[in-house]
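After this come two complexes, each holding chain A, first together with chain B and then together with chain C.
Showing the complex of A and B:
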């Protein structure tokens, strides 16, 4: 089922896809599928203590062993996929949308609007992301919406810079000048003239930014600032079970591998995107 | 006596982005005798540069010499190893590129780069090379030959840099020089000096040359023989005289016809209308910070005034940097005028386009030089043409579709082109779409900013014909901006000559033969003519040249 999905999408665009890109896409689709249908896939309730032992070994009953309380690790990773993917996706969507919209607006409107916004974004870029996360958690506590907004806030400036740089190039083209002296509104210029010419690199950037957010979220959760118990994303799972490192249990390795497989796959997919999609900017 | 260059059955293949192989040179034969200058002429994509480069055993990225022999002084450039080729390049065959500005390293002095060839090939000690370079500078009639080499590339003018590039090629004492459109990017008044210098050094040294150009008039001045190319094949070969006087091939005739003085019917209508269509009064505009007197720091246009009556055409002519494009941008409101008034149809227009009403914008359209950047690459042609229809006329989808067909008919493009994207059109087709978009607004005035400059001669002529035809049908007026006098002459009733941001003279069609202002005289007499003796007989007043040629 995974295989058919990849070949189909490769064919539909009419591009040749490298094998590495296909594998990466398959891994991403696998995790997306897991996250979407998590409640139907879990063998045990993720919050329930089912094993008599803590840090139980891999067995036919518990495929990935059990965690520090004796809960089924596989079920917790499957449910964790929801939080990792869901929070990251929401965060990256908000970050790139606002970044790209503001970036294009800055490029088209120019003048003091551009200067003000650019300097503000530069200032934001100078704040260390983990430190900022710490401050937010200390101020408002950690809830899912607060987490999503924090992640989005941290990654908006990067997206803004990227989109603005691309849009400034397109903005100097004569077709934009023609539209402008036709009397078109800024909204039309941004949506119809600029966006279609920068959308491909923006989508590639979207993927990279998603990886950054997954890693930051996992990092925050590992520090205990991210998703709070009893819920747990992959980073939180690593955090909970860090003691098991000395027992060689799967409880800490498995979520780490999950994070690695997702982020590496997204990176590989973008690197192996057909040239036509990745490099076209104008 | 054997020929210096003998090309036999040359084939060059290129690999496209899609991995398809296409033949771009299809079996070309070419001979060049010692000391002879042969011109390769043809439109873009005809393979003229590819052939010239192959004489150095070089094929551009993605291209490959697949068949044939390329004998240069008895050596087959196609068979030599890369190392052997390196020995030949610079010492036996040398190259003068189109853009000298891009060929010089901006961070080293000129003379260091000029005698680099002697260092690479260990031809002579640096001190001697320096003297040789200065000798060449003098031969190329560069000013201050002793010291000009110590300057950096940005400290000399474009025409001087092009001559310095020639010095760079000449220092290795080559037997064959390849000139790749060396004067195309220069203004006509600078072109003359460069051509004269090239001609005299080639004659003195008895050096053979290949001169690649699309401009027949330039080639006529310098070449002994002309080879006419089209689609990678030789169409016609002959001495310069023969080609100019008795062209045999239809394509050659077409090229020559583009130089004929064209007999257009001029509307000649001069309605005694009370108000002119466009009237600009003392317009000043420019760039940079606004100074205390309310004018910008760099004034690209200074106090220009003119009038244009309905149904008539006005040409604005001048060399690069004279402010003609800035004037177009000022009239259209892209760059608001700092002073002066723009009156359109008797109505005063706000300086900035964003303050003009939709009605005012609709009746004045502008068409840009580069159709590549003027059409949104992400949209199909029907969307590009459809937008002004929706925007100005609020047409429904059905009306719009019908009108797009009509517009394509008007500019003589096939209707099924509407589904294509700009990248899938040729340069001439793009310029027609560009023009159709302006027509879609149903304007009274179209400002054409160098619209034929990027096109081949034959294609440009067709565009001008189209403009005239549409004028008769649609009652349009044009402002036609160009650096090319022949284009302006072909279409305009009146001509404004600009120099350094100022209008120096306004001429009628009849008055064009006898300009009064010294700069107009210089400019008009600098336009190359098909007559091969033109350059040798040309005498420009040195006083004039000193005053106006930078």
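Showing the complex of A and C:
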């Protein structure tokens, strides 16, 4: 049985996924689906007070109970998926793109451009991310665009360093030297010679960085400094309902579990990536 | 210790100092991006233009940003931290005790977490692939993958709600007895220990496994050395450098953790002070706390790097 599954997927993708990797992928796709179609999935309007009781228990009417105002928790978590996944995805896309572009540029151009950029990025890396987040949020506020840019800004240096290290290795290879002698432009070198050779580890790094961003966003929201009411991501949901922790209400446990299921799944997926992809991500 | 090592360490220290300058520069300018005029904010909407102008003059707000940065940095070095915007108290008074509280929390956590996590990390590496190793690995990945507040909530649920061993929140302000002290520190220390231990276990395990994979350990095995001799005499002495390096790096996770833990447990430390300052946009207080945290973080990663340099056998002559 296992043999057939292996040959089939090997046939299709050229590499195999382990069962744990498949489960992790399923959880991630589930949350992506929930985030994408959130408005059509919610049983109640997430902002509307529907329960007469606050911190209501789990019931057939309210599957995950109600929050501190009596709003339906399930609806709020479904909508929260939008903010947690959406903001994090936008942040990690900007961070990885700018980090990889700058990293490849630094590796190919070299010289003072490389030295200056690397020094600056290294200095940025030595600010603890949560602290960085606090300082920037204090300065620019926590509107959604500001949050996305803050998260992207904090995680660009790490992506830069990763991409640069990979690109420096590829840059010394013969085929790059040949292309250079052929008189190709820097843009061609970066797009046609370097990028295809570093793309797989960069994608794995994308996943790891996505987890970091989800954790930081949730942390900031938990401190009440991330996504602001009336909107709420999962971290903000925990923040809102934290008083109910002492009687173990679903209002605080459910969003915590949602975050954990997402981040653990992404980590497990990366750990169980097919060898072919992972082995290059040194 | 030879001159090569000395040179490398000096270079590393130099980089650390330059980094601290760049970082404090970044902190200063980011917090100065805040829209709105500080003097107007302080005096309120009803203030006369003369009063605002006077305060701007008194606070050197008319000077160029770079002058203000040096003024601030000089004040920082000489211990003059300025005054809080929110309540006009000296920042050094505000920070003093709270800084000690945070250091206490970090120190107690370190004393508990380090031996605990080192034991787990080393033993799981030696027993690689066993059920024990797999359980430890799954638990550490779990703890590392979730936000600190989830760990904290779980700890509260287990120890305070179900088992009722510990109180959930440290309300105690004055310590009169041992039980008061336990109440104050128990939950924050337990949670932080989990967070930091997971990092230490992961990094130590990786460091020991790397050493166990080296040719000289394989040689010892082929020579017929016993398992304990192989680990204790051949592998561990060489893994010591990487392990201590991993320790220092892991302890830097205390800084991120402490920000969340102090807030959730209402612990009167410097991180809670900073989070409150962000909420009230108390810039001078934010700047000072941020630089203190960055300095602490830099000290830890610099120590980690220096240990890596010293323990590199290729540099020993």
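The rule we apply is simple: the second predicted complex is superposed on the first by the 266 of 282 C-alpha atoms of A that agree within 3 Å, B and C clash if a C-alpha of one lies under 4 Å from a C-alpha of the other, contacts with A are read in each partner's own complex, and residues count from 1 in each chain.
The rule we apply is simple: contacts are C-beta pairs under 8 Å (C-beta built on N, C-alpha and C of every residue); 3 or more make two chains touch, one makes a residue touch a chain.
Source: prediction; values computed, not measured.
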{"item": "Combined model on chain A where chain B meets chain C, clash or fit", "value": "fit"}
{"item": "Which superposed partner A:187 touches (first chain B, second chain C, both, neither)", "value": "neither"}
{"item": "First, second, both or neither for A:248, with chain B first and chain C second", "value": "second"}
{"item": "Chain B versus chain C as contact partner of A:263, first or second or both or neither", "value": "second"}
{"item": "Following superposition on chain A: angle at chain A, chain B versus chain C, Cα, nearest 10°", "value": "90"}
{"item": "Partner chain in contact with A:130 - chain B first, chain C second, else both or neither", "value": "second"}
{"item": "Chain B versus chain C as contact partner of A:235, first or second or both or neither", "value": "second"}
{"item": "Per-residue touch tally on chain A - higher for chain B or for chain C", "value": "C"}
{"item": "First (chain B), second (chain C), both or neither touched by A:120", "value": "second"}
{"item": "Smallest separation in angstrom, by C-alpha atoms, between chain B and chain C in the superposition", "value": "7"}
{"item": "Chain A positions touched by chain B in one structure and by chain C in the second", "value": "none"}
{"item": "Chain A-touching residues of chain B, taken from the complex the two chains share", "value": "332-334, 353-354, 356, 358, 361, 366, 368, 370, 373-379, 387-388, 391-392, 437, 441"}
{"item": "Chain B-touching residues of chain A, taken from the complex the two chains share", "value": "173-175, 177-184, 192-193, 196-197, 282"}
{"item": "Footprint of chain A on chain C - complex, ascending", "value": "18-19, 22-23, 26-27, 30-34, 141-142, 144-150, 153-154, 156-157, 160-162, 168, 252, 255-256, 259-260, 263-264, 274-275, 277-279, 281, 283, 286, 290, 293-294, 297-298, 301"}
{"item": "Residues of chain A that touch chain C when the two form their complex", "value": "120, 122-124, 126-131, 134-140, 211, 215, 218-219, 222-225, 235, 238, 242, 245-248, 252-253, 256, 259-260, 263-264, 266-268, 271"}
